Each structure stands twice: as structure tokens, then as C-alpha cells.
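The following blocks contain the structures, represented as C-alpha cells.
In the two complexes below, chain A is the common chain; its partner is chain B in one and chain C in the other.
Then we have the complex of A and B:
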């Protein structure tokens, strides 16, 4: 680097750091005054830039010691299928689309009950030091092992016990994740003919697209997706007509009916060939997802809304918030998983993505960078939830047991919580988006849709608010259902694989009875939790969401244990803190949360205390609100028992994985012997490609010199050039 | 950058990211690595790709 460009670089990064610091300063210092969302965005983006430039670079260079002279599995094993050197910008898109879904949108909305500040700080700090680090380091270690999966790495590096715990963790998070996401969809669609019609139409649209791509025009993904998106927008508009027509009753479904529809749908999606339903839905939802996220970010930047929410609400310390029980620590860190630290990402960062990386240095863009993007989405979501009137927020997000089912009861309940909204204001809010009622529309999706419709109508015109609301609901439901499809299928394969060890035929993926049986088990498992969530008198989201968060953070603990173990095995004890500190934090959070969910003496928080309170009342023949009768009471007892056992099980698994890993760390550190590496041996690379999304000046000079294309087109005669990222 | 170049860039990205250009890449791959092999038709190639995804599902995160 020349002296001039070095000076310029220092000046630019000092300016970025200052701008970020000013934004944080405004957020921290302004009190009793509403601030603009622009400060949150500025603080987040400034922090990301600094973290990416300095911390991520430090990790790839010093901690992981990436080597661009080493051929990646994509280069060595290129089979034109799963192993394939893929342009970094394309792979970034794939990886981002796979990791980002409803999680970063829903979690922050719920966590807004603590105020916008705790959630935003955790999203930004968490991603920089934990989430993005986990994604990138797992991606690196899997890449050095030809794309081994998380479960395989746990078995090979930690041992059979840790491996088994990892497998159980993956399977149980899958089930809870699917149940919670499906619950979000049910809560968004119940009693909404507009939403139900639009979503129902996505099934014939996807089937048509699948047929079109299979038979009429094989492989024409873009033209098919364009047709699909067109039909989809038509379906949303048509939903408005349906709502005003005689069909409205047909499409007004109760939550229980929707559960049955979803379970049948999930089963069919799991047994049908991928091309018919799953693949076309995936295209639709990916394009919609990226499109809407980009629009939302633009909308927020253009309209610069003011935050109505408090920085920190009283629920942060009292732990008595209606949306979910528990105090700021640990529950903000459990509720916001995706966007800050999400164990699930380790499943995608091992396995699929590492088989496609062109150059080792690109893991910084793909692993760390894509996670920063997801974090940015989460910040947008918490902004959306914080610009709407707090009275409306609580009327929508408190369970029906608290706010009742009319605008009058909701207005009164919100008043008791310490916020204000009049019945007529509540009705006006529902009318503005053409919904019957917005009371107790829990799950986060409707709240986000209200926030998004406010942003969009601020940016593009307010006459369309109802359309924007249903557009937002549709898009969330669409990609949640895609996750449910894909997750059921992945769960089915895992089950077939595991059961296949016991009884061979069931492991054969094409054996029909085995396929139906395992699909039914997976669907039945999440269907059970979904049904209890829908019918739970205490409210499904506030009971199940913490479990989902704990399961996700349990998986993060497994992933970070593997990372730390591998760093120690590679003789890098002095750098073990890079994944060790996030691991310690994650373990403390997860164990505290499960301890409180299992053993707290507050019946709103502790599952077993809840169980014994309701059981004692049953024994006395009494009915405790919000339960309405003895059946409700019995149901609460059963649900609390199941949920309590699960929370305890998750905590035990965290401890097992941690102890098993600590055993390995101890062994390696005491023996002081060089541990044999499980890395694939070095092979020299013949590929060249830029490291970051945008080539640096030196990379451009190299490209001009060698007549290379920006996509790193291969010229096998050429000598590879130096290692590392070039900045 | 001209408008035309920008448009070409967007088109390139969408084709790559959606996998639409996969067949061309495959043809190139076969011609380069196995010059004597017969190149699959697009229909057969897309079928093979779809059926491969059938047996190797990819998880989508939350």
C-alpha cells in the first residue's frame, strides 16, 4: 500500500468510527425525547463497517490463518453439482437467503417490549462478537474438512457423546422452530379471509411454476419466477376482493382449522417430489424476501420515522411484560436469536456453503458479511416495531387471556399495563388495514406488517396501507411456509438416517412406507406443539418462543464448542477466546434462561410452578383465569409439564456438550502433544479470484494485468498469486 | 458504468444466483473435463438437478 492510500484509508476509517460513535452517543444521551430511527441505523452500520474491516480481518488472518494458496474443496472436488467454485457475490446471495428468514423479523418485534435499546445493542454487539464469528469460523473449519456437517464435526472432534447431543439438539430445534414459525403464520392468518385466500393461492401458483419448469420450459427459473411473482401480486389484490365478497366466510378460518391445514400441507410437501412444490416456492419466497427487505431498508432511510417506543421499558427490570415473561437478562438474549447469534446458521455454514467457496479469504465476505446483513434486517425489524404506537403494540401482542377479545377490553387491559389507546383508535387501526380486529394478534408478524405498512405508505403513498399490510403478511407467511416445507423434509431425512441405523429399510430415502412414516412423525411432532400453542389459554407465543430461543442458543453452544475445540487442537490456545467468550456468554444466557423457565417460583415464568399452581387449583375444583373451564385447566397442566421437561432437557444437553468438550480441551492442553489434524491436506490452488464483494485497487490491477474477469474465470495455465486478503 | 453495463450486470447476477446459467456451466464443464463425453440435453440436465435436490434437501433457517 502506498503512503498516500494509507493516509487516505486512515482518514476514511477514522471518519466512519466517529460517525458511528456520534450515533451511539445520540441514542445514549437523548432522554425524554423521541429520536429518529436514523440514529439506530447509523450506529448499526458504522459498527458493522468497523467490525468487518478490523475484527473480521484479524480473525481470518491471525486466528484462522487463511491461505489463498490452498485449493478449496470446491476447486479440488468440482463435480458440477454440490462441489462447485461459485462466484463470491453469488454465494453471498445463496448463503444470505439460506440463513435469513422470519427469525430476524419476529424476535426483535417481541423483544421490543423491553424497549428499543436493549434489543438494538444486543443485535449489533451480539452479531459482531458472537453470531458472525460463529458463522465464519464454522464455515472455515467445515471448508477445511471438505464440507463436513456440524453433526459429523461434533462426533469427530468432541466425541460420540457430544455428537449424539448435537444430533438431538439439531432435531429438537428443528421441531420447535417449525412449530413456532407455523404458530406465527396461524396467528397472522386466523380470521383473516384476505390473508388466507392469498396464501392458499400460493399453492396452485407454486404447482403451476413447478410444472412449467419441469415440463414446458426446463430450467427457465427467471421467467418462471417473474410469472409467479406476477400471479402472487394478483393473489394479494384478489384477496381484497374476496374479503368483500360472499366467499369471505369460506376463507375465514379458525386457528384450529388452520393447524389442520398446515399439518396436511407439511406432510404433502414432505412426500411430494421437490420440483412440484418445494423448489418453486423456494424461488418465489427468496426473490420476495430479498425484494421486500431491500424495500424496507430503503423505506426506512427515505421516511426516517421517529421511534414511539421507550428506550427501556419498565418490563426490562420487572420481568412482567405481557408479550413474554422474564427480565431483560437473560430473556432479551433468548428472544433475539436470529440477527445476533443463531445456532441454526451453523447447519448452513457447514455442509452446503463450504463446498462452493472459491477462495479461502472469501469466507470473510460470505460468513461474516452475510450475518452482518441479517443483523441489519433485525435492526430494521426492531425499528418497525418501535415506530408504532405502544398502546397498539401491547393490544396486539399481549395474549387473548390478558386483553380479551373486544376493543373495549383491550383498551382497558392496555391501560392497566400503563399505556393508553382508546377503543375507537384500536378500531381505526384495524380498519386502516381492512382487518376485523387487531386485538391479541400475537406472533410478531401482524405487528411487523403494521410497522412496514406505515413505513411503505410513508414512502410510497398512504392510500395503499391495507395492500401493504397484506403484502407484508403474505411475504412473511410465504417464507415461513417455505422454511416449514424445507425443515420438515430435512427433519424427515435426519430421522430416516438415524432410524436406518436400527432398521435398514427405513434409511432408504425412496422406500415409500418409510418415507410416509418418518414424514408423519416429523409433522406430528411439530403439529403437536403447534396445536398446544394455538389452544393454550396462557397464549402460545409467550409459552413457546422462549423454548425456541433456548433451543437455538443450545445449538449455538454446540457450534461454538466445536470451534473452540478445534482452535485448541490446532495449537491456537491463545486465540481460543475468540470463540470461547461468545461460548461462555451463550452458556450463561442459555442456562440462566432454562433455570428460570424450569425452576422459577413465579408461575408466569417457571413451567413447573405454573403446573403446580394450576394442579392445586384443579384439586380444589377452582378455575384460574385466563382459563375458562376445567378442560383449559387440564390443558395448562399438560402443556406446562411438556414445556418444562423440554427446557430441562435443553439445559442438560448444553452441560453435556460443554463438559465433553472441556474433557478434550483438558486432554490436549495437558498432554502438550501436537494433535493430529483432521484437516484435508494442502493442495495448491490454481484459481484466482478477488476476496471481497468489490475488488480492491490491487486486485483490479492484477485483473487488468492478467486479463482475468471479475468473476474469477479460470485460466489453468496461470500461476496463482499470493495469499490473504489484500487491502 | 453505462446503463447497458449495469443492466447486463444485474442480468448476469440473477441468472447466476437463480441457477439458470447452470446448464451452460455444465456444458462447458463437460467439454473441458471430458471432451469425448456426450453432453446432456437441457431437459435431462434440469431433471437430474431437480432429482438430486430431492435426495439432498437444503435447510432454510428461521
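Then we have the complex of A and C:
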């Protein structure tokens, strides 16, 4: 780098750092008045830029010692028979599009109960030091092992006990995840004929697309997608007509009915061939995802909404919030998983992406950069939840047991929480999106949809607020339905494999009865939790979301254990803190949350204390609110017992994985024993490609000199370039 | 051709493969697809490709009720299993 370009670089990065610092300064110092959302965006983007430029670069160069002289599996096995190096821009887009699902949108909305500040800080700091590091390091180690999955690495590098714990964890998490996400859909669609109609229409639309693309016009993906998107928008508009028609009653479904519909849907979708439903819905949801995220980011920048939420609410310290019980620590950190630190990324991102990376240095862009983008989506979500009136937020997100089922009872309950919203304001909010009521619409999706519709209507016209609300609901529901389908498929093959050890025919993957049976068991399992969530007098989201958060962070603990173990095995003990500190934080958070959910003496928080309290009341013949009768009381006792056992199981698995990893650390550090790793041997690279999305000046000069293409074309006639990124 | 369908499990990348017909010239012109071998014109999406490589895949192209069906002998949930590293015994990725 010349002196001139070095000076320019210092000036630019100093300016970026100052801009980010100013934004954080405004957020920190402005008190007793509302601030614009743009300060949150500025603080986040400034922090991401600095982290990407300096911290991620430090990790790839010093800690991982990436080596561009080393051929990646994609290059090494690229002999027209094996893997395939893929343009980094395509791979980045693929990676980001796949990780930015419904997860980063729901958690931040619920965490807004604590105020916008704790959630935003965790999203930004968490992603920089934990989430993006985990994604990138797992991607790196998987790439060095020919694309091995997280489960395989856990088995090979930590041991069979850790591997088995990871397997049990994944299956349990899948069940809880599906139940919680399905609950989000149920809460968004209950008593909403518009929503039910438009979501229901996506199924025949997807089936039609599948048939059209397979039989009528084979291979016309763009044409089919265009038709599908047109029909999708028509379905949203038609939902409004249905609501005002005599069909409204037919599509007004209770939560219990929706549970039955979702369970039947989940089973059928998972046994249908991929082309029938899953494939066309992928085309639809990809369009919706990219469209919504881009619109949301543009909308926020254009409208610069003001945050109505408080920076830190009283619920952060009291732990008595109506959305979910528990104080800021540890519950903000498990409520917001995707967007800050998500074990799911490591679980599956180690499967496909590492087999396609062109150069080792590109893991910074793909692994770290894509996760920063996802974090940005999470910041947009917390902004959406924070621009709406706090009174409306709590009226929507507190369970029916707290706010009742009318605007009058909700207004009164919200007033008792210390916020104000009149019954007429609540009704006006519902009318503005053509919904009968917004009271107790828990789960985060309706709140996010309200926030998004405010942003969109501010940017594109207020007359379309109802359309935008249902557009946002459809966006979230489409993703969640995809997850229901895919998650059921994953759950069933894990079950097939496990049960196959006991009864061989079940393990035969193509045996249809086995396939149907295991699908039914998985659907039945998440359907059970979904039903208990819907009918739980204490509120399903209130009870189940913390479990989901604990489970997701448990998976992150498994991934970070593997990262730390591999760093130690490779003799990089002095850098083990890079993943060791996030691991320690994650373990503390997960175990504290598990401990509180299992053993807290506060019946609102601890499952077993809740069980004891309600059981004692049953023994005395009393009915405790919000239960309305003895059946409700009995249900609370059963649910609390099951949830408590699950929370305890998750905590035990964290400890098992940690101890199994510590056994390896001890072997290496104290016993000085030789340990084997499964890293593949060095093979020299003949491929050249830029490191980042945009080639640097040096890379452009090199390309011009060598007549190399920007897509990383293979040039076998020249020497490979040096290691490290060329910046 | 073997297409690849992204499926998001919460917020994680995975995929599933499906087999369908497509105009050959489109596949040849597209950077998204790659021929699996020099033999029959069977193509795979670039994200399905790493999981299919080095694998003997049988494709059935029989007609059924006048419509030509394309089915393969890949195990159910092949894409998800491969993404998660949980292919059945003897089916592990290369």
C-alpha cells in the first residue's frame, strides 16, 4: 500500500469510526426525549464497518491464518466430478438469503419489552464478537474438512458424547422451534379472515406453480414465479374483499382450529414430493424476503421514524414484563438469538457453503459479512417494534390472561402497566389495518407487521396501510410455513435414524410407512407444544419463547465449543479467547436462564415453582388467575412440568458438551497428549479470486496484469498468489 | 435437472433437491447449472452439485398417465440430510 492510499484509508476509517461514535453518543446521551431511528441505524452500520474491517480481518489473518495458497475443497475436488468453486458474490447472496429468515424478525420485537437500547446493543455487540465470529470460524473449520457438518465435527473432534448431545439437542430444538414459530402464525391469523384467506391461498398457488412448472411449461422458473407473485399479490388484495363479504365467517378461525389446520398442513407438506409445494414456495418466499427487507430498509431511511419506545423500560430490571417473564440479564440475550448469535447458522451453514468457497480469504465476506447483514435486519425489526405506541405494543403482546379480550380491558390493563392507550385508539389501530382487534396478538409477527406497515405507508402512502400490514403478515407466515415443512422433514429423518437402531425397517429411509409414521410422530410432538401454547392460560409465547431461546443458544454453545476445541487442537491457545469468550458468555447466559426457568422461586418465572403454586391451589380447591377454571389450572400444572423438564434437559446438555470439550482441552493443554484432527492435508491452489465483494485496487491491478476475470476464473498457467487478503 | 430449493429452518441455510425437466439450451447457457457428467444430459443446480458429485444416481423417466415422470433413486430428504451431514450409511458425501 502506498503512503498516499494508506493516509486516505486512515482518514476514511477515522471518519467511519467518528460517525458511528457520534450515533452511539446521541443514543447514550439524549434522555427524556424521543430520538430518530436513524441514530440506531448509523450506530449499527458504523460498528459493523469497523468490526468487518478490523476485527474480522484480525481473526482471518492472525487467528485462523487463512492461506490463499491452500486450495479449498471446491477447487481441490473440482475435476468436473466433485465440488465447484462459486463466485463469492453469488455465494454471499445465497448465504445471506438463507440465514435471514423469520428468526431475526421475531426475537427483537419481543425483546423491545425491555426498551430499544438493550436489544440494539446486544444485536450489534453480539453479532460482532459472537454471532459473526461463530459463523465465520465454523465455516473455516468445515471448509478445512471438506465441508463436514457441525454434527460430524462434534463427533470427530470432540467425541461421541458431545456428538450425541448435539444430536439430542438438535432434535429437541427442532420440536420447540416448530411449535414456537407455528404459534407465531396462529396468533397472527386467529380471528383474521383477511390473513387466513390470503395465507390459505398460497397453498393452491404453490401447488399450481409446481404443476405448471412440471407439466405445462417445464423449466420456466421465471415465468412461473412471475405468475405466482401476481397471484400472491392478488390473494392479499382479495383477502380484503373476503373480509367484507359473507365469506368472512368461513375464514374467521379460532386458534384451536388453526392448530388443527397447521398440524394437517405440516404432515401433508412433509410427505408431498419436493416439487409439489416446497419448491414453488421457495420461489415465492425468496421474492417476498428480498422485497420486504429492501423495502423496509429504504422505508426507514426515507421516513426516519421516531422511536416511541423508552430506551430502557422498568421491565428490564423488575423482570415483571407482560410479554415474557424475567429480567434483562439473561433474557434479552436468549430472546434475541438470530441477528446476534444463532446456533442454527452453524448447524446447517457447515453443510453446503464451505464446499463452494473459492478462496479461504472469502470466508470473511461470506461468513462474517452475511451475518452482519442479518444483524442489520434485526436492528430494523427492533426499530419497527419501537416506533409504535408503547400502549399498543403491550396491548398486542401481553397474553389474553393479562389484557383480556376487549379494547376496554386491554386499555385498563395497559394503564396498570404504566402506559396509556384509550379503547378508541386501540380500535382505531385495528381499523387502520382492517382487523377486528389487535388485543393480545402475541408472537411478534402482528407487532412487526404494524411497525412495517407504518414505515411502508409513511414512505409509499398511508392509504395502503392495511395492504402493507397483510403483506408483512404473509411475508412472515410464508417463511414460517417453509420452516414447518423443512423442520418436520429434518425431525423425521433424525427420528428414523434413531429408531432404526431399535427396529431396522424404520431406519430404511425409503420405506414409506416408516416415513409416514416418523412424520406423524414429529408433527404430533410439535403439534402438542403448539396446542398447549395456544390454550395455555399464561400465554404460549410467554411460556415457550424462552425455551426456544435457550435451545437456540445451546446450539450456539455446541458450535463455539467446537470452534474453541479446534483452535486449541491446532496449537492456537493464545487465540482461543476469540471463540472462548463468546462461549463463556453464552454458557453463562444459557445456564442462568435455564436455572431461573427451572428453579426460580418466582412462580411467574420458574416452571416448577409455577407448578407447585398451581398444584397447591388445586389441592385447596382454588382457581388462580389468569386460569378461569380447574381445567385451566390442571393445564398450567401439566405444561409447567413439561416445560421445566425440557429447560433442565437443555441445561444438562450444555454442561455435557462443555465437559466433553474440556476433556479435550485438558488432554492438549495439561497432559500434552497428541490429539488428532481431521483437517485435510495442504494442496496448493491454482486459482485466483478477489477476497471481498468489491476487488481492492491491488486486486484490480492484478486482474488487469494477469487478464484474470473478477469471477475467479481458473488460470492454471501462473503461480498462485500469496496468502491473506490483498488490501 | 436437479434443482436446489433453499429452505430456511429458523434462520439457517439448508436446501432440498428436486428433479424436473428443463430446456437443455437454458441449462447450458445458465451459470446456475452444471452438467453432472459427460454422459446423459443431466444437470444440477450449483448448490445441489456438491452433494450429488461422485454419486451413482439412477433416474427413471417412464411415462405415467401420458405424462413423463422423472424420479431418482436418491433417498427421501436427500438435500436436507446432505446439508446436515446425515446421509444414510454408505451415502456419505465424498
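The criterion applied here is as follows: the second predicted complex is superposed on the first by the 702 of 727 C-alpha atoms of A that agree within 3 Å, B and C clash if a C-alpha of one lies under 4 Å from a C-alpha of the other, contacts with A are read in each partner's own complex, and residues count from 1 in each chain.
As a convention for this text, a contact is a pair of C-beta atoms (placed from the backbone, for glycine too) under 8 Å apart; a residue touches a chain by one contact, two chains touch by 3 or more.
These numbers come from a predicted model, not from an experiment.
Undergrad: Label the relationship between chain B and chain C on chain A in the superposed model as either fit or clash.
TA: The answer is clash.
Undergrad: Is A:218 contacted by the first partner chain B, the second partner chain C, both or neither?
TA: Both: A:218 reaches chain B and chain C.
Undergrad: Touching A:240 in the superposition: chain B (first), chain C (second), both, neither?
TA: neither
Undergrad: For A:458, using the defined touch cut-off, is the partner it touches chain B, chain C, both, or neither? Pick first, second, both or neither.
TA: neither
Undergrad: What is the contact status of A:95 with respect to chain B (first) and chain C (second): first, second, both, or neither?
TA: second
Undergrad: Go through the superposed model and pick first if A:515 touches only chain B, second if only chain C, both, or neither.
TA: Second partner only, chain C.
Undergrad: Taking the superposition as given, does A:626 touch the first partner, chain B, the second, chain C, both, or neither?
TA: So A:626 meets neither chain B nor chain C here.
Undergrad: Who contacts more of chain A, chain B or chain C?
TA: C
Undergrad: Could you say whether A:423 touches chain B, chain C, both of them, or neither, answering first, second, both or neither?
TA: It touches nothing on chain B or chain C.
Undergrad: Please indicate which partner A:490 is in contact with in the superposed arrangement: first for chain B, second for chain C, both, or neither.
TA: Touch status of A:490: both partners.
Undergrad: Under the contact definition given at the top, report the residues of chain A touching chain B in one complex and chain C in the other.
TA: 80-82, 84, 87, 90, 94, 98-103, 177, 181, 213-214, 218-219, 273-275, 278-279, 282, 338, 342, 344-345, 347-348, 352, 479, 482-483, 486-487, 489-490, 493, 509, 552
Undergrad: Spell out the part of chain A that touches chain C in their complex, as residue ranges.
TA: It comes out as residues 74, 77, 80-84, 86-87, 90, 94-95, 97-104, 146-152, 174, 177, 181, 213-215, 218-219, 273-275, 278-279, 282, 285-286, 338-339, 342, 344-345, 347-353, 355-356, 374, 479, 482-483, 485-487, 489-490, 492-494, 497, 507, 509-510, 515, 552.
Undergrad: Quick one: in the complex, what on chain A touches chain B?
TA: Going by the criterion above, the answer is residues 78, 80-82, 84, 87, 89-90, 93-94, 98-103, 177, 181, 213-214, 218-222, 225, 273-275, 278-279, 282-283, 337-338, 342, 344-345, 347-348, 352, 479, 482-483, 486-487, 489-490, 493, 509, 552.
Undergrad: Using the touch rule from the top, collect the residues of chain B that touch chain A in their complex.
TA: 13-20, 22-23, 25-26, 29-30, 42-43, 45-47, 49-62
Undergrad: Quick one: which bits of chain C touch chain A in the complex? Just the residue numbers, please.
TA: On the chain C side, the touching residues are 1, 3, 5-23, 26, 31, 34, 37-38, 46-47, 49-51, 53-54, 67, 75-77, 79-86, 88, 93-94.
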